[in-house]
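Look at the two complexes coming up: chain A is in both, with chain B in one and chain C in the other.
Up next is the complex of A and B:
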């Protein structure tokens, strides 16, 4: 038995916000793959849970007018990976969340929880960073939109206030049209892992497929929060893809922009080695995918809206 | 053989797949109380006081006991047979709850409550005051001058036991080296001196450690437990409580794995005590996964300071090892495992001058080490086979040829008398090498460049089947005939997932002539009813208990035939049981009376000769009463691992005859069906003339043992910049005698190989400097997942072992032994980097490759 004193099933986002504001100790629960594990360890034992799991508007992936992709935060990882819009426009995000835990966890755990628990090791984190995703929060003070790059304030900490519920995660067309990407998760085994390191590299090439127009590099576990490596991204822009130097550039450039720590799980030196090596490999795969014409040419359209 | 050797579906398959099979907690009464153990938050010290006043106020708390309340009785926990000789008894070094704290998480109090939430809430409110001592977590810390002795009442320092084994009493490595220099010249010698380490790991059985206890109306404390050893547990609970054995009852339902962790008595005596202090109410004590990993038993971490000496031509001259194991806070299995490591290290190779191996079991203030699958031999194999390949690398020897030339020879007799009867280690190596394309790959993978490199590696092992003559091997079996001609088989060698119930059923069917569908094995052991057996451990069940099953089946068969003789009015000798019928027995050839080789009073010349030579020798299938050899006899002889059939007159010199009691009368076929078992049984039950309830019950005191062996070959690639190892091909080849059930045997090997994979690459229990476990859960303690396991290949060399009841010998534990050193040696071949410790984690590999300038 779990030590839960009170449990509320919210009917709507407004309902959830109200419940949260009424219960100071309340935690939001959706899939429960983090919350229940913590409860089992005695953290938050005897407390209150507000479930957002049964709120219909928080599920699914949609195309908004203008081509913005909207991901419902209560969508489980399996549904994200398999969703046609994800597969067509941001397949690397689907691949990234397909590395979470095992099949049972992916059927249960949600992307909103993955973002809002503030973990630097979240498998969606590196990719969402490179997508400039926007976290839409709704609280007693109304709705606000926070870029995911400004969402994290420290390990396990975010800007989300106690009474705020994540209502959506949005990805604008300029952040995915023309891009390919690759997420490389590094763990000690092939499944049931929390990332020792996660690296996402995305590129947008010119029409001819010769030059990098835009490069994005995101990491999980390379710092206390998920990060971008903007200096290296800038250095890659304008470089030719047939220049082997780009791999050396990314492999060494990122080392100046990361801040991994030593723990019993992995040493700083080891993480630095991975940071460099994974960046090279992810860039190579992203470029190969572009050369293979896998980048979406257009934004999602009205016909795909559901 | 009719039934033995066939791949019958597991008798428990249906129940386990559908969920109908009941495990300990499935049987828990609804009104059971829940217990929670309160554990120390320091690794070394003394409990000064415990304040339970706040905890007692939590509604639903029934009872709280502390280390100051329990009986002042120290007891042993090892799942060993008790010894009537005091010197050989397991060491009693713990109480139900302890004031002297010797590990982080030591058990100092317990809460019993209406449910687990209440118990946990109360446990969090208990306040403990300690006197703290310096934690001594590692072997080095425990042996350092001035380290606190953890058990001053038993030992003056933290060395629990030190033993020294030598191939001959006067052997000395340094003397041997001097002799070698004189004989061969220093420039013609290869020497390796290094320190190798293996980690502490957890068994990770899927069912956690759990039990529930109540006091029955007859005053017996009854414990339902997930255990491998119900009868031993009963004795230990009686010792821990100071109650007579007869007042303790243990019941073992189906269990979800043990791998040796449940070959120890864990919290069951405490559970019994908690029920008693709650007026006999039913109390459940289920450990969490975290407690199972860090607070039950572990595999001994081991450090071997080794030296090895060979000639430039690849002749192994001498080795020595000082081997230290981390016992943790309590003795558990004592020095038995450390002794096993040192003996096996010494025996697996043949050193021309000799070998010395010293073992030190060291108490530390950390988790307790106990039994785990293969009982020290995985450590021994890693030490021995790492040293072997490092010698090969330095001397430029082919590791396969070096082992062929220098491994344990046929006919090996260990210092305690255990003899390697059916030897096919070298044949196994040949088979493995062929499968992996050894010679071709060794050449192909030489002189590689680039970040990803491939290699092939190998490892060998041998493994004693049971524990005789080190310890007692005794086993009982009972069979009961039902009115329909079916039988119950009852044993106390337990089914723990390994398939024991299935192969025991096959054995009973084989020897009685009653078909498998009419053999009902009783899977649950209840010590009030089940005949005595020490339980499931070593790789003993099919060998030791198998002998009891056979003996019992022969007795039951004789009684059935005796009744058939009465019903049919024919001599029993003319009758046989075949497929649930009494048939006429047709002799197609002269039958033999089989002679038991281990019977020391047997003065048959062939048997005496076999004992004297103690060679693998030959055995004879068909021998006359007087020991002379019948004309139709066939002989299989083996020398140097080659098995050949010989004609009676052409037995090669030096071979000895060993006769095996197969229990199966050869050259006999069933004739006319005379009576069905159903008719016979019904008559036996209800006859107004001669009513007889046909049962058999026997004890078999097993005084035989033998060795099994085998090897692993692996072909892998190493992605050096990421420290990742990918297995491209892997095979275990096992010399395990006659297979009882090939499908189950293969599954045994698969499971063992996966354990070996984790041991090689990812598994290790980590502790903080103050002794706190860091990764005691299934996320951070990395056992391989299905995604990490490559295709596993398995082959067997089925050579009848004359000691096995059906030609069989050990297979339960051996598969876990050779995989880790084989992977280690393949990484050495791929990269030239000699890893000195497992697990070879990605981080350690990257560091080693950087140091070697490879990345």
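Up next is the complex of A and C:
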């Protein structure tokens, strides 16, 4: 038995918003792989849960008119990795969430929970930062769209208000068309591990495959919240991909833009080393993938809408 | 407050009054006496409580019974044929000596059922990744992988 005082199964997002506004102590539960573990440890014991587990509209990946990818927040990691739209347009996001926990956890854990619990170590975080993903929140005050780059306010804290439910995560076509990417996770073992550090680098090259038009660098665990490294991104734009100097540039540039700490998982010094090395490796893989013509040339289309 | 749910467990329709605070692990073990479903870590790290929910391998220590309403649950008790023969996966585990103390075995067998049921073939490295959500402290995994390779290996 979990130590819950009250439990509500929301039938719709509106229903969940109403339940949250009626119960000040209520917490949202979706996949349960974080909330129920915390309850086992006694955190949040005796509280109220509002479940959004059984709301069909929160599941799945869709293509919206105009080519925006819409990810349902209650979509589990396995379904994201395997979804045809994800594999075709943002495969590196599917790879990133495929590093969460183990298979059974990925079958239950959701991307909305990964974002909304505010953890800097979330495996989707670095990649969503580089995608300029938009978190769509619905509350008693209506719907608002918050860029994920402005979503976090501190460790475990976000701008989401108590009565707001994440309704969708959106990725605009200008943030994925023409891009390749790579997510590199460091953990002490290959599975069942929270990231010591996570790094996503994405690039868009010119048509000839010679010059970087746009570079995006995102990190998890390199600061109290997931972050972007915009100065280094700017310095990479316009550089030739056959110039070995780009790897030196990214490896040293990012060090001025991060703020890692020491924890029992790793020291600050080790994290700084990872921050440089993973960026170099992720950039190399992203460039290789681009030269291998893996970047999507167009946005998702109406035919793929479901 | 109890709630009535309907689910199918090992092919049998079950109607149960459940407490919303119950995990499916507790319901399966304590109300339905399906003791193949083991309680290990209780936090989704060891895989001993793995069952299939609508065909998907799930750690039921982190699954509220309320969510099982209308769903199909399969545990190792549901694997043997009507004439009492073992499932080929169970037989492969025996043939390859993939069992020592046996505590992780039902969970691993359910993951193997999901893998074999997918119809595709896996490299040994892919199988290692597929069983990463299970802890086995006896076998060193090699014989477990040998058993799985027999049925789902490339």
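FYI, the second predicted complex is superposed on the first by the 306 of 306 C-alpha atoms of A that agree within 3 Å, B and C clash if a C-alpha of one lies under 4 Å from a C-alpha of the other, contacts with A are read in each partner's own complex, and residues count from 1 in each chain.
Note that in this section a contact is a pair of C-beta atoms (placed from the backbone, for glycine too) under 8 Å apart; a residue touches a chain by one contact, two chains touch by 3 or more.
Small disclaimer: the values here were computed from a predicted structure and weren't measured.
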| item | value |
| --- | --- |
| Chain B versus chain C as contact partner of A:192, first or second or both or neither | both |
| First (chain B), second (chain C), both or neither touched by A:270 | first |
| Touched partner set for A:105, first chain B, second chain C, both or neither | second |
| Contacts of A:117 with chain B and chain C, given as first, second, both or neither | neither |
| Partner chain in contact with A:45 - chain B first, chain C second, else both or neither | first |
| Which of chain B and chain C A:3 touches, first, second, both or neither | both |
| Contacts of A:211 with chain B and chain C, given as first, second, both or neither | neither |
| Contacts of A:12 with chain B and chain C, given as first, second, both or neither | neither |
| Touching partner for A:21 - first (chain B), second (chain C), both, neither | neither |
| Set intersection of chain A contacts, chain C complex versus chain B complex | 1-3, 102, 190-192 |
| Chain B partner contacts - residues on chain A that touch it in the complex | 1-3, 42, 45-46, 102, 186, 188-192, 194, 264-267, 269-270, 273-274, 277-278 |
| Parts of chain A lying in touch with chain C, wherever the complex brings them together | 1-4, 7, 9, 29, 32-33, 36-37, 40, 51, 53-54, 78, 101-105, 107-108, 190-192 |
| Chain A-facing residues of chain B, complex | 115-117, 120-121, 124, 721-723, 762, 766, 768, 774-775, 778-780, 782, 784-788, 841-843, 846-847, 850, 855 |
| Chain C - residues contacting chain A, complex | 19-23, 26, 42-45, 47, 50, 56-59, 62-64, 66-67, 111, 129-134 |
